[in-house]
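In order of appearance the chains are A, B, C and D, and numbering begins at 1 in each one.
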Amino acid sequence: MPSEDDGPTSTHDASILEAIRSALSDEMERNERVVVLGMDVGRLGGVFRATQGLQSRFGPDRVVDTPMSEGAIVGASLGLAIGGMVPVAEIQFLGFTHQAYHQIGFQLARYRFRSRGRYHAQVTIRAPFGGGTRTPEFHADSLEAQFTQTPGISVVCPAFPDDAKGMLLTAIRDPDPVMYLEPQRIYRTVRGSVPNGDYTVPFGVSRVVREGTDITLVAWSAAVHLCLLAADQLAEEGVSALVLDLRSIVPLDVEGLVRAVVKTRKAIVVHEAPLTGGFGAEVVATLHEEAFGALDAPVARVASCDTPYPPGALEDYYLPSLDRILLAVRTTLHASG
Amino acid sequence: MPAADTGLADLDRLPKTETNVISLLDDRGSLADGFAELLTPDQIGQAMRLMLLSRAIDDRVTKLQRLGRAGTYSPVHGQEATVVGSALALDPARDWMVPASREQPAMIRHGLPLDRLLAGYMGKINFSRIPDNVRLLPRNQSIASQLPHAVGLAWALKLRHVAGVVLVYFGDGASSEGDFHEAMNLAGVQSVPLIFVLINNQFAISTPVAKQAAVTNLAVRAAGYGFPGFTVDGNDLFAVYAATQWAVMRALAGGGPTLIEARTYRVGFHNTSDNPKDYRDEVEVTAAVARDPIERLRKYATGVGAWSTDIEIRTMKGIASELESAYLRAVAVPRPGPGDIFEHTAASLSTRVRRQRRQVKGEEDNG
Amino acid sequence: MPAADTGLADLDRLPKTETNVISLLDDRGSLADGFAELLTPDQIGQAMRLMLLSRAIDDRVTKLQRLGRAGTYSPVHGQEATVVGSALALDPARDWMVPASREQPAMIRHGLPLDRLLAGYMGKINFSRIPDNVRLLPRNQSIASQLPHAVGLAWALKLRHVAGVVLVYFGDGASSEGDFHEAMNLAGVQSVPLIFVLINNQFAISTPVAKQAAVTNLAVRAAGYGFPGFTVDGNDLFAVYAATQWAVMRALAGGGPTLIEARTYRVGFHNTSDNPKDYRDEVEVTAAVARDPIERLRKYATGVGAWSTDIEIRTMKGIASELESAYLRAVAVPRPGPGDIFEHTAASLSTRVRRQRRQVKGEEDNG
Amino acid sequence: MPSEDDGPTSTHDASILEAIRSALSDEMERNERVVVLGMDVGRLGGVFRATQGLQSRFGPDRVVDTPMSEGAIVGASLGLAIGGMVPVAEIQFLGFTHQAYHQIGFQLARYRFRSRGRYHAQVTIRAPFGGGTRTPEFHADSLEAQFTQTPGISVVCPAFPDDAKGMLLTAIRDPDPVMYLEPQRIYRTVRGSVPNGDYTVPFGVSRVVREGTDITLVAWSAAVHLCLLAADQLAEEGVSALVLDLRSIVPLDVEGLVRAVVKTRKAIVVHEAPLTGGFGAEVVATLHEEAFGALDAPVARVASCDTPYPPGALEDYYLPSLDRILLAVRTTLHASG
């Protein structure tokens, strides 16, 4: 099976959504134990059409429209896994994982531990998230940090079509549960070349998506693209910014993170979640601990405000913006002399 | 079903279809004997107007959404008799309404000014605030989450010995959430004055009710919580009104909660992001349109002289101008600005959040 | 209740009390006519032994807990007929059991070795692992959380065309959690081979079932999910067995889920941290003790010659030595050490967690 | 009303549990709108007896044994508040707030915002938490960080009887929702003098519980007492440790935190939650940002492991121990030369 490190292989052009859809379809073809379940995933193909065509191809037993019960979707997925199936559950929007929170953190994430390895929860939970689409309340919240205090579950956030495919296949095959978080704003707009065939990307390995020497911009999911925009702009100003895509936040690629930041001696971290308690805090704390002497200036966090996610009309003020990123970069560069 | 001392005709005597659905006004607009006095001609006129207004709002806000001037909108189309009939049975000066997100004419009848309703979809969040004297909670986009709130609110009325009931709306999809069960159960245990109106419009987005539950009659669930539940034809204004009125009287008399399942059909799209052609057959929709709740009431009302083409033309004109001026008032309200992110988050803001406000508002950061 | 092609006597013909509770063996130990063949003398002996063993385990582990040698323990006392009668209706080589946390003899009958059961309470977490060939899930301390797991497991059997059913235990308290509703509903929609055994022992810690729900018959809730539900006398081994057997056959035949409410009484404390004298009246407990499920079966079994004082003395001796040697085996297992925190958390550990393991184990940290 | 800053006032000796119980009772006496609800809070007086005697004093309408429905307890509390009552809900153990997560973060915390101030949620949620008592699974988890990404709700963690009283009264009177987290291990063992009468302690103000000059130990809830033990031990070794009790983590007393740490130029932070994504990350990130130049060594985090909470037999290895604190202090002192 080709993986990220296998060098050149044939590719095709796809959006993130297309990459997810075809990865699902291919894996269902490969492994008849894989079932897809969630609200509206069947005939409709999901509210974002990520599962479009799957039900007509694999039948209603393997692509199941469930009742509106997030807790049961996750809890039954655990039971399905114990029974030998490989469920890929869709929670319509990440915000509605709250309804299933007790089944995620305390059941899915702990079943292997509780049963001393007798059972494990090979379950993937797919959920779109992130702001900028003027969607109703609860549909845009970035809740990834809330799953980082539930050891036993991986939290992964691909930002590119190739990672979307490679990490989804890794997730489905991971014997342990995975929160696979999809960047809804760029589902269709970010396109790229995606390796053909059976392609996987490991968790816990960050990716330098742009090289740079003056400062490192750390991000994951859709915010990576904001950082790339910022890097473009900074390049015009003569500042060379490295953009690091963490790709998975649990497990966190501590080494890759430290390596990138030590190289530039300055960094900022950008995320769409509110500042306080966001995963940016973990990134900063990790850098503080592991690269204390190697930092010329404090690592700034650019995040959403510590307020409820506002209605669409106000979200552009709330979310980290290009301007706020640039300001943080300039402040950091200035602080370091 | 426990008999409540409501002074109303026994619920069991309301006519029912062979599938046990309470039905007073049939598809052809003829009313069961003995119910002509249930609604006054005035009330019928008011109901017609609210239902027509509702459809006009659907059209208008959908257009605004298409033009980028409004956010996501969930139309009422097809469900007007359910929401208007139930709302009419409430006293807005006494009772509380807890909406889901597809009950526009009910909210208006309960006191929400039309301009504020429109403003909500247009992102004018401050103007859309529910006025202080209106006993209404905001729409809730987290399906079924409003149900325990309604229980608590009704419980507060009971604890404080305040006369009044609470009516909460939710859908067939919502009835599968854990919140539904926990709320029904607690309502039963505390015997609170609450009417659960389950709007069974056959769909939760694309999911038909047959995939939502293995029962056809969702109202039977009430029996598991110790209070009455029954199904009404949700396209029948009279049936919805009679059932709700019974439940209101029962609750006021201390009888506790009631579950009313109103069986109707979501004729329109789920919301402005949805295209139902992707998942349901046109023939089904055509059949539902033939059971249109407005047309049915129109026929009856015309027959009894409470409505006419003339009245309808005048009403539609009135609605058009009312909508237009409400829209203009909402347009005139300034858009919210960055500072509004921080308003109403808490009674007092922490230093850190105040600093974020200064940053977002682009003001000087004084530490 | 849909008729299922189970080949069993019609459930409706099982005798019921005036409150609609299925009851075969009365308080005085006399069995309803026509059911003498339901259980063989061997099965009756096995049931007696399991019930007596259960009570001995209660005593033993409670004492161990008092001595600081075991953790929190929830006794079965009073509920033995419910858990043993239902477990006996399963085929451990075919069916799965999903426990809550008070079903010790059922787990044993289903194949969990006694030493491993004890080891679980004694903190010997590795030794307490359920053996690979035992179709049993671990106890779950998050009330009602196991219900959707059971649905998924039964669903997997169905999807994989594996013969077998799943039986899940839960309490009256659990029946108020959202998980109960969501699991019941999904089980109905997918028509999975699952038996929900609601152990109504009248209490959730101190909360009496009257404060838990406004219905006395929790089994009626099944009607809201499209499958059968009924109440059995949970202190009546025959009734529990007959009802479970019916549900098992129905599920095996593709008939889908069943809800069985077993009405019993928690004679003991909630768990070793609890003192029921703080919240319930002794007279109630005395009445419950008079309905003791073991005594009832003993009377019957003695009457039909399947049991005797001699057999009981021999059985008790056997239980005592079995318990003792199981205890000694569990004691002999080394206590888990710091490294065990990291075992079985995931198939592979991240660098960071591996470093934490080194720190906790006090090894040199090599980076 | 006396408050923390009012100087000497008459006091009595009490445990944390006693302080909570009497604060509840006094406030119910003062304000007839206050109702207590939760599982077993009535006749039993709660599994820890925190509400003992309240039902017989105030009746079953004001002290309500609810069904086992965490979601409805929280959701109905919000409704009660909208209806003019002042609910104090008990969730039996913090772990079971997961069942109510959707009602806490997205409903309780946001109702004022959503209604543009028409309604507010004057609701206190009390929940015991923390390890070291050999309690069953889910009963000991420290989940406080999971509530720091839900703006609109305060998260407070008193560690002493006087704060337990003063902060509970502040919580109940706060027009906005409060997670009031109680340190179950030290409920009865930590005693202290508690001001009589109507005594309140504001949120967002940390407390120096022991002065020191060489290093600052930052903690909240039961971990504060572990830090005090460590400080005793360090004193014997000639190291003067300042112990800072944050008391509330949302709002966070950024100024007080920075002040204490800048003074000693070295710090560690101790919490019982797992390391990754724990609130210690926020503390370190905040110090990194606000006191970058003033730190002689990286601020170390002493936390639980990134694994599921283990059974009682293993929890002492899992939780931050005195030894691990002392090791972190020595490493920090050493690193700073």
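One rule holds for everything that comes next: a residue touches a chain if its C-beta (ideal position, glycine included) is under 8 Å from a C-beta of that chain, and two chains touch if they have at least 3 such contacts.
Please read these numbers as outputs of a predicted model, since none were measured by experiment.
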Considering only mean CA positions as chain centres, point out the chain farthest from chain B.
C
Count the C-beta pairs in contact for B-D and for A-B, then report the pair with the higher count.
B-D
From the C-alpha centre of chain B to that of chain D, how far is it in Å?
41
Per the C-alpha means, the centres of chain A and chain B lie apart by a whole-Å value of 37
Computed distance of Cα centres, chain D from chain A, in Å:
31
How many angstrom lie between the CA centroids of chain B and chain C, rounded to a whole number?
44
Spell out, as numbers or ranges, the residues of chain C touching 2 or more other chains.
125, 142, 176-179, 181-182, 185, 189, 211-213, 345, 350, 352-353
Touching two or more other chains - residue numbers and ranges from chain D:
66-67, 69, 71, 95-96, 99, 102, 106, 113-114, 137-138, 151-152, 250, 252, 276, 305-308, 310
Spell out the residues on chain D that touch chain A in their complex, using ranges where they run on.
95-96, 98-99, 101-102, 105-106, 109-110, 113-114, 137-138, 143, 145-146, 148-149, 151-152, 250, 252, 273-274, 276-282, 284-286, 288-289, 292, 297-301, 305-308, 310
In their shared complex, at which residues does chain A touch chain B?
39-40, 42-45, 47, 65-71, 95-96, 99, 134-139, 275-276, 305-308, 310-314, 317-318, 324
Residue numbers on chain C that touch chain D, as the complex places them:
71-72, 123-125, 141-144, 173-174, 176-179, 204-207, 211-213, 273-274, 278-279, 335-338, 340-342, 345, 350, 352-353, 356-357, 359-360
Going by the contact rule at the top, pick out the chain D residues touching chain B in the complex.
35, 61, 64, 66-67, 69, 71-72, 74-85, 87, 102-103, 106-107, 112-120, 151-152, 174-176, 204, 250-252, 254-255
Which bits of chain C are touching chain B when the two form their complex?
176-182, 185, 188-189, 191, 211-215, 218, 220-221, 223-227
